[in-house]
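Each of the two complexes below includes chain A, the first together with chain B, the second together with chain C.
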Partner chain A sequence: MKVRSKVLAIVALVGLVAGACGGSGDGVQSGEESGGLSATLDGVKDGGTLYVLTSAEGASTLDPQRVYTGAELGAWGSTFARTLTSYKPVAGKDGTSLVADMATDLGTASDDLTTWSFTLRDGITWEDGSEVTCADVAYGVSRTFGSEVTAFDGPQYAVSYLDIPAGDYDTDSAYPGPWLATEEEQALFDEAVSCDGKTITFNLKVPVADFNFTVSLLAFAPVPEAQDTADQYGLKPFSNGPFKVETYEEGKELVLVRNENWNAESDEVRAPKVDKIVWQFGLDETVIDERMLADSGDDKNAIVYGGILPVNLQTVFGDESLKDRRTDGFDGFVTYTMLNIKTVSCLEVRQAIWLALDREALRTAAGGPFTGEFAQSFVAPLLTTDYAPAKLLDGTKGDGTPNTKAAIAKMNEAKEKCPEVYAKATEDGLRFDHPDTDTWKKYMAIWIDTLGAAGIKINDNPIEQSKYYATINGDQGDLMSAGWAADWANASTVLPELFGKGGGFNYHNNEEDPAFAEFQTKAEEAKMETDRAAQAKLWKELNQYVIDQVWSIPGSASKAQNIVGSNVRGAYQWLPFGWYNLGDLGLAG
Partner chain B sequence: MSDSANAPEPPVPSVGALSSEGLSPFRMGLARVKQNRAAKAAFWVVSFYVFVAVFAPVLVRILNIDPYALDREAINDFGLPAGQLGGISWDHPFGVEPGTGRDILGRLMYGARISLLVGAIGTLLTTVVGVTLGIVAGLRRGFVDALIGRLGDVTLAFPSLLLIIALANPMTQRLESWGVPAGNTARITYIMAVLTLFGWVYMARLVRGQVLSLREREFVEAARSFGAGTGHLVFKQLLPNLWPQIIVFVSLSLPGYVALEATLSFLGVGLLAPAASWGIMLGDSVRYYRAAPTYLFIPGVTLMVLVLAFNLLGDGLRDAFDPRSDRQQL
Partner chain C sequence: MIFFVLRRSFFAIVLLLIVSAFTFVIFSALPSDPAALTCGKNCRPEVIESNRERLGYDRPLVEQYGAYMKGIFAGRTYGEEGSSIHCSAPSLGYSYDRHECVTTLIASTLPVTASIALGAFVLWMVIGVGLGTLAALKRGRWQDRVATAFSVIGVSLPTFFLGLIFIMVFVIWTGLLPFPRYTGLTENPVEWFMSLLLPWFVLAIISAATYVRMTRNGILEVMNEEFVRLGIAKGLPRRRLIVTYVLRAALVPIVTIAGLDFAFLLGGALVTESIFNLPGLGKLTLAAVINSDLPILVATTMVSAVFIVVANTVVDILYGYLDPRVRVK
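Up next is the complex of A and B:
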């Protein structure tokens, strides 16, 4: 009860301070916070049960070939799904560097970058003690092709890179995955991915300079054919890491226990400490925050998946005694507003939209500076090598407030240059597609109000949240909300995906834009560049190029805040995944 | 309430010089309502809401508030209302909406327009459809009666709320393609259409039952024996005797529709930004109940008072117009 009354006192105090300042803020500010004591290993002991509290009804999936959520990639990778390479388990920028995991080194590429081979270490075992073989890795990769049986939900890099002819299956490949393949079709895959003893070789149809990053995705994790249950595999995957799945029940819990057959000597990456990790699903978000603030009993050994509710940020970050338990930092996502270049083909109109936009009001509606910083690039700041703040459109303001005057001037230019698009924007209105949520209702009020001040009409078009991306995949509005995070620490998984030809997330319809050809050429060039520093320079130039074209308007580089129980240690934010290194977390006391 | 419950006899002689025999059931009922203090108070509350809704554009100007204007000054850097009690101040008497700083009083007043519009037109349409079908069924009997009866059974068997939510987007688009102005007009049309589609049954059953008993009464027999046509029977003989039941039913179903509009908006089958609706406000405010409890409290109480007033008024009307109804035995 003592802790609880303390919490109430803080709320009251914050309220008073806010009142005294007359609404100009209250001194609680967002900055980089790395977790203090909780990020260190001070006083950590082996053993104990770690709890993960979440409002989610379950994991998106436990199937390594299908998981695509940043935090889950990190969580499953660090516990039960080892891959050929993985990220260095440390805080800070170093965490984005690659280390050899199941492979002996970071792979060997042929000179033309179309053949990559990796050799497996000795002594890597499955949870039943059997050895992880090259064939298991190849089999795992082949599962990515099985969209007919699973769903089209995991990363598709194997499909787009491996040298397998195009075909009529859902993935546009001639190979339908291991479950449906005929012998001839299987031969196509076996030619692209071949095993020679402990060495696996990938033959690619395009040169890929950073394929060793690609194989760090769990889509390239091994799966033993004998244990595979196709679309049911996500309920009970077979482990080759320090933890294994004991039980998994959606809406209830996921229990990970130590895998006795994990061979620590074969693993230089993972350092497990706790005996058991229990995910508790379907909790009320508000209740989670209350429990974390109260910090009593087992909740001292708990972490949260899903972050702190925006309304509680003031409480958490206003209390200095929580300094050692909280983190605040970028989560790798950049939010932005896509423009449909086919319907809004006029650069001046696009520039006017940007100038009239009130990024500050939108961010405040989302919850203020804690939700993110105004993006100056489509590449997230976490991709330190490729990130450089671009020079934004002339006339936009650094504090995110609109420049309506400049927007009106641009619209007047547009009236002369492209009367058709001008008429559409001012009379018929531009259709804005967005997920139908309470927060988006407020964003739309801001969009309609601020763009209206510059004479641009916006038509609200809410789309049911779970169907949002599927809907805009088929039918694009004039403006569309979106967010993206890199698949690995290279802008090759950002800029070509968002703006390039055949990009997995390119809904701009920008292929007929006069500026497109140059973008595509430069993007191909950058992808092939093997010198990482030179490649980074190309990405930075390319980012500036797309910003100048206003194909999309960058919103914010989003941030996430987390809180852990007072006993949790090793809880640093692992940059590639924007969450903790789950398998390495430990408990003190 | 016990006064009014036992009231049917005493008030009648007090109605001026006219004897009760010369009064139509409608006038007798009206006279009884006037005796019921709770119903009278409820009537004034409802009148106040209607007044505010009708004159909202004028009132917001007099009060110098704007339901659509964003007010960055009224919210802090977290997007929460600045100051205490959800940002209540002279500028914003009921506080501001978190995130945007829009005025809650202004949005409540504009939201009342939507709620009452949907409630009133929804009730009107269900009444017209229900009464028509009820009279037809009662008068014609036989096959027509059976058909309307089964149609009602089928309608009631639908899980209507689920259907309303699931069909919202496709049906709104269909309406737009039929020429209903896109946006909120189409959405409100949809909501009213489905309310009518699922709401007529109760009214139709009530009216049918009344007609079945009325058509055997002497005055109807008499009119018929003089060769009265169907039109005369319906409008001169039956309807005047149905009014009391219809009025009672309407006054009790109206608050249901007002609340249903809020429910639908709450569930996301509502209006497009930046329109104001009580349901949208309530849905949004749940997330802020800790940081800005007034934001949840004020729209909630506003809706509750209106629905309560309608219910009290409806009860009063029922007691007065339908003295034999079940309620009397309670």
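Up next is the complex of A and C:
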């Protein structure tokens, strides 16, 4: 699951304040805007310095094996960290198409989909001019296992897919990563990931039809062992892309300059234009917005990482002269509320919770329509191939307001069909786990109030934010808040992960639900399907199935708004990452 | 006098030890779990426990404090062999959030804060003492009223507000100055000066306001003293009387406060650094608060405490020089 950066979280938090002040309620409405002239290459020239303004104190990390923020995966991948496969660098649906990057093609799978091989192109070089080897790729992949360094920060697909025996290390693997492994332990990894000249072969313990998508994650990027500085690798990663890290100082700036040893002939994905990209960290959000609106000096060559303050959305989207500099669209995230099927086993009670919920009040508390649209799927709209709005529960109001009458009717049905769960929901109360934040204090007031109107009692259970996911991993409440974005452009990283057996983020305890077996069978079928169109059809059906079972209640398909300087070109939303294709941005004028 | 200095220095060291222990205990008691912070979203409770053990957070607090203090003098190694990180003495911990030894982070941010503090200090002393003296000497006249008005406005203005106004006016609207982007003094003195101009003035205006009042009141008070009246009666020139006798006597309490204010600023001009995007100690502390980065929080608090205690000691010693009665006591 890609995570939202801290800066986006802060923006969302600020959004509450603005929302309370009517910042985006009446007047200008949110809608899809693709950036106009700034999204084109009109008048673009080679050279110049592109600035990235952000209130974040730094990147979440530059270490490829630790990065898990959507925008950063795209930004680092397009600049200094090439992978075996990548995405087509274009706007729109085509941008979710997989293309070969360091590999010569999209990989070759065995018939049973448990072995995948990729061959490296000729002429791929590191920033010191040395060749990127198969061993570098294998070493990079091995770093994910070293949890004492990579700290579970990045995607764990290497751990869950590679055919390495289970063991006692923190990753539940018998391999502890390259830093601590004995010769015997290293041999276990070398059997799972082997090199033959320029060909790397991954032996998987489960069949994976879209493993070529998996290797597009930076967790599968190469790292030369001689350059690895373990925990500190993220301060100066070694580049094999068109840019390299010149300096990185958290709280100050990250300077990416052109990598003179990047071999353009070996790279069909990237088309760099600027000479330098300078990230300026720690800027005040108000100042960023004012600078972008003023659009003077170097700020004409600037983009923003973190979006527009909600209080300025009216100004930005109410001014037609900014049409060629602004974007408004989905960021790939879907928020939802998980239900614990073990304790809330009654479908009617779950349906009543859904119907009684005031999604509109929750959205207003979050900042209004600019924050997102009511989700009709657990798959984000950005996954255009797999996304289809599901038919929601009968009685659900399109405007997001509660249908208390229908909810009460469902509770009356529940009283007859499942009196124990009914009693728990109405008398003992349902425990709602959520991070202990100011935002959630407001949300909980709405939950308690609106569900209370349907006779459902909610017991608030705030959990210290840094421990939230670790806590619900061990002890699930009756309801739990969460958010999710696909790891790659395939719903295989959404539905099985959230609702399937062994799913990395399935806290629903839904395996005992009578409906689970059918879901699991269909999910396995979809995962094994190699025809992409047929697979997409299966994912859409599965999403409808999950919606019907009310294992979770979809909340909001998140949106983000942004503005760029008037000289910036090529600023289209790269759908797999929900942000710009940073390495390809250019400047006009 | 030597005994006085030694006694003050001894108490300063004792105080620093108490402050360090207190800071360590306070931050350890916070609800944020440093072990949980070293583990990503995919973490499990047992992994957090394993990290706690590996990083020594499971040991008794006294033992943790002992290891911390030992690190200051002998350096410290974190993690297991193969992936370990060594922070040389004086080690103030390791930030798993920033992947850097805390001492390295403080060493890189301290020059920024010191640059801000030094320039702002000079400016506010010149403006504050200058305007305060003028107000006192022109008591009741328009100069006095202007200085008093400046003082009231300066005291009332929040730093972030004045900072934003300065940025809007001088950077965004008029374009007279570039947006502040810190450059080291040795790297480019002109850019260093330009990047600090606005923050210096913001801090100077806000701090000088207090000094205008203190200086004005101090001078007026001293001018009523008998020795001043004697000087006037004996026909001492006004300029000499003011500069040599009145100002010197009036500045004694101001120097005391100024020393502490300067030390306080050295601990980090949190708001100013944030508004002007200056990577100083204050901004480091703020980021550590947001990210619950305990090793940095403990270290910056202790460094700030060192500045305050040292400044207090220096001021006490200076006070002893300036006022013999203190030494006698």
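The criterion applied here is as follows: the second predicted complex is superposed on the first by the 559 of 589 C-alpha atoms of A that agree within 3 Å, B and C clash if a C-alpha of one lies under 4 Å from a C-alpha of the other, contacts with A are read in each partner's own complex, and residues count from 1 in each chain.
The definition used in the following text is that contacts are C-beta pairs under 8 Å (C-beta built on N, C-alpha and C of every residue); 3 or more make two chains touch, one makes a residue touch a chain.
Note that the structure is predicted; figures quoted are calculated from it, not measured.
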| item | value |
| --- | --- |
| Touched partner set for A:T286, first chain B, second chain C, both or neither | both |
| Touched partner set for A:P554, first chain B, second chain C, both or neither | neither |
| First, second, both or neither for A:M444, with chain B first and chain C second | first |
| First (chain B), second (chain C), both or neither touched by A:E57 | second |
| Touched partner set for A:E464, first chain B, second chain C, both or neither | both |
| Which superposed partner A:S147 touches (first chain B, second chain C, both, neither) | second |
| Which superposed partner A:G565 touches (first chain B, second chain C, both, neither) | neither |
| Which superposed partner A:D231 touches (first chain B, second chain C, both, neither) | second |
| Common ground on chain A, meaning residues reached by chain C in one complex and by chain B in the other | 286, 464 |
| In the complex with chain B, residue positions of chain A that touch it | 11, 15, 18-19, 21-26, 28, 286, 309-314, 360-361, 364-370, 436, 438-439, 441-442, 444-446, 448-450, 459-460, 462, 464 |
| Residue ranges of chain C in contact with chain A within the complex | 31-33, 36-48, 50-51, 54, 79-83, 85, 96, 98-100, 108-109, 164, 167-168, 172-173, 175, 178-179, 181-182, 274-275, 277, 279, 283-284, 287, 290-292 |
| Residues of chain B touching chain A in the complex | 68-70, 72-80, 82-84, 87, 97, 99-100, 102, 169, 182-183, 268, 272-274, 280, 283-284, 287-288, 290-291 |
| Residues of chain A defined as touching chain C within the complex | 1, 3, 6, 57-58, 61, 66, 68, 146-149, 151-154, 156, 170, 177, 179-180, 230-232, 234-235, 249-252, 280-284, 286-287, 290-291, 294, 296-297, 464, 466-467, 469-471, 473-474, 504 |
